[in-house]
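Read through the structures below before going on.
Two complexes, one shared chain (chain A), two partners (chain B, chain C).
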Partner chain A sequence: MSRIVKEYMGLQKRLQTPEFSWISFLAPVDDDDLSEWVCRFQGPSESPFEGFELGLNITIDLEKYPISGGPRVLFEPRTVAHPNVKWDTGEICLDLLKDAWTPIYTLLDVVGAIRDLLADPGLDSPLDLDIAQIYDADYEAYVQIVRYRLEEARLARV
Partner chain B sequence: MRGDKETTNWLNKSLMKQARQKKLSIIAVGVLSTVAVTVGYLLYLYRGQRNPNIRDVKPKSKCYVLTQDLFDKIENWQEELSKDSVMLVLPEVAHLGNHLKLQLSSIEHKIVIFNNSSAVWSAVRHLKKYELVISRDKTSDMPVDLRRYVGQISHI
Partner chain C sequence: MTSLDDYNFELSEDDEYYQFVEDSDYESDYSSGKVLKVDESFQGSDDLRLRYKSLSTNELYDDVMERVEFVRTITQLSTDSMIILLRLYGWNEEKLLEDYTENPSEILEKGGLIVPEHCKKRDLTDKPHYTCLICCDSYSKVPVFRMECGHEACINCYRTYLTSTLKKPKAPTCMSCHLSITSSDIDRIFGNKEFSKKHICLSFETFINKHSKNYKWCPYTGCGNIIYSNNESTLNEMLKRHKIPEVECSNKHAFCFYCSTEVHTPSDCKIAQYWIQKVRDESTNLNWILNNTKPCPFCGTSIEKNGGCNHMTCQSCHSEFCWICDGKWAIHTDNYVCKFQNEKKDNTINKSITKRFTDGYKMFIVHENSSDLDLKLAGTIESKIFTLQKELGISWIEGQFLSESIKILLHGRSVLKWSYAIGVFCDPSHNLTHILEQNQTMLSNAVESLSLKIQIKDPKVLIKSKAEFHDASSLVNGRVVALEKCCQELLIKGICKLEAI
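Our next item is the complex of A and B:
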């Protein structure tokens, strides 16, 4: 049995524990194809993302996962304004998704690391330079820009 | 004598011919330079239209940079901000931003108040709205590259 099948089988039980109560949904798009997943989770508390639900699109190369590569994870495009997220594509700059990936990590670890990144951005190599500059120069304005973007995305979905 | 006169005429004609050719060459170089500059400019404009920074921007989206002047000129901010618009409030008029946030509570998220002026320009770049509405006297404070991130700049 492949690792992703094992993860899938144990996932729903783990999602019901208090540890992962902030995840509203994590499942494959189609039960017969474990290469495409979606996740929805609550933004971390005491961050500009608090009170908003965020969406991730996860792609897994079933031939490579988890030994030769981790999942490819993107935020829903044009939703998350963050120094380490490319606005137009939702691409995320996170070590764990690139060089720091090892097979001990699971999908839940990845989603958890992304949530932590939202609350604590890395400014050394930002994907969105302008948002990084706002974060650095005027944190209160950064919070308002993040929430403006999230609110507009939420209204667009209604 | 006649031979000398003919030689002089021949020399004059030859000099005139050379002068005419030089003039034609200068005109040709001028025309070619004009064509090259025009083609270059058209290519520059074309590239500007294809600028990925503003390629996907909705034509009616607006970004207001609030100053006292702009605040006084626009009467109905509710209407202005109800569209695909956002307001960036400069630090010196933060009190106006706070006032508008209270007055327009249903769309207060569209009003962003800044403590740092340089962050305002970063926000304009990030937001990439089609039209930047700004007081004329603030235009000189704008970074030169800002025009690449908006479709047009308007002064009210």
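Our next item is the complex of A and C:
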């Protein structure tokens, strides 16, 4: 419990540093409940996600975090077309969130790893087979789909 | 679909491993070693018996540790390192030794056993005014575990961490890098030896899967016992002769060692497995049979079968009918057996395969449900015996005929049930198939009448009919033997074939 409080306390200061300038927002939904978090960040440059803002919903099991389990992280559903993301739910397939989790990681590490995944998909274990195939066969088409979907989501938000 | 031609009993999974075991010298050395003080458990009727022993997880732990020691003498590593490597390899000793001889340092690296040189040794020391990097709690004084890599955390974090890694097959590692935490480290952190043992025991799942030829979990829910047998030649011979390698764990749970399912006498393993698969596939279509309630054929009231016998009496209109054929009970003169089911069978010799399966399945399910109900009845037997003792002053020993009877009843039902699986695959025109059906009828007869007796509630009537119990039980026993013999013959003569369906 104490660990997430410490992370929260140090977070705003760290978000000011240039290292994390790409994160526009990372905070709990409700200051009194540290189990539900929201994050918004800029898509990585030199990737189809460049120029778009992406949203994450983060759930933390306060009993388990950080020793027995990491956070549960989902993209906003139906926004991100990506080989390792389930379109309908926003579920992310990332080893860090599953088996490879160790208590040494923090929320910032997790968000960073997800951003890296966007730029560099893991094609050996895709969640969305169709997108993975398009990525493999016709990268340009993949870029178009990703950007079309993001644009669609952005318009829906306005 | 499988035919009897490929009727060989090699386990398809683990085949490779099995081959390897046969070739490797040390395995056979090991097998003939002291671990093999196997009980002389008799099994089957003829001369064939499967030697096996029942182990608890603790006993298996001792066995496995002996195994670890043995492999250790080859690699010259510490016991701790050996356990870590074996867990990394899912307890596949051959593969580990092969890889290890080829490239020891690579394997040690993989196992997280290469400790950085010139570093402070790992230790567990009390530190004053310490803030743990993992939980961010500040302590005035706390034991801190530190690895050679310099990564450290307070003892509370380590305890929680090690508890949460309990279920993973691999040995736990440092929270920040790949350096392995050994069993002795775990012992130090928890201050006792129980925990590291638990860690290892939980990884036995993979151990048993890897050695599934010789080790089998008891399939009963929550049992956790393990049967060990290295008597492979006998096993294969038994399977060839259509015998069931029946084993019993120390909790008295009997099961088939080959299939890891309930004892399916008189069906052999091939038919039983095919049957189970088939039933699983088809049961969605036939689910209505599974339904325990039926409308009364006379007034339509829903009736639940709550006793083992097929003689139903509707509580609403008081009409009596037969559970199997829905006909009036009055025409069932022949000692509680439904002849009309069989009559239907006789009329349609050229029954379609599906029909044959459906009929067989129906009978199978009827007896399975009845046997479940009998099992419930068995639960009440002890209290019945107690009533006998209390009300009539009968001694406990004297009351035991009830427990005996229920055991015989359950066995009879199981044999009857599985004989229907055989019946489905038999050539329907063959004379022996008719004999099988007659035998089934006779056993069914005997079983139903015994079941009816066991349902008697009045203690006075119970004790009076003790002799009848005895007669009915021995009748069931006799019928069981006859039916088993008949099935055996059908299997050996090849009249019962899987391609028949």
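In the analysis below, the second predicted complex is superposed on the first by the 157 of 158 C-alpha atoms of A that agree within 3 Å, B and C clash if a C-alpha of one lies under 4 Å from a C-alpha of the other, contacts with A are read in each partner's own complex, and residues count from 1 in each chain.
Here, a contact is a pair of C-beta atoms (placed from the backbone, for glycine too) under 8 Å apart; a residue touches a chain by one contact, two chains touch by 3 or more.
Values in this document were obtained by computation on a predicted structure and should not be read as measured data.
Contacts of A:72 after superposition on the shared chain: neither chain B nor chain C is touched.
With both structures placed on the common chain, the touch criterion links A:137 to chain B but leaves chain C unconnected. Of the two partners chain B and chain C, it is B that touches the larger number of chain A residues. Judged by the touch definition given at the top, the superposed model places A:98 against neither chain B nor chain C. In the superposed model, A:145 lies in contact with chain B only, and not with chain C. Of the two partner chains placed around the shared chain by superposition, chain C is the only one that A:2 touches, whereas chain B remains out of contact.
Those residues of chain A whose C-beta lies close enough to touch chain C in the complex are 2-3, 5-7, 64, 66-69, 102-104. Across the complex, chain C meets chain A through its residues 133-137, 151, 153, 157, 160-161, 163-164, 175-176.
Within the complex formed with chain B, the residues of chain A that make contact are 81, 87-88, 128, 130-131, 133-134, 137-138, 140-142, 144-145, 147-148, 151-152.
Residues 56, 86, 109-116, 118-120, 122-123, 125-127 of chain B are the ones touching chain A in the complex.
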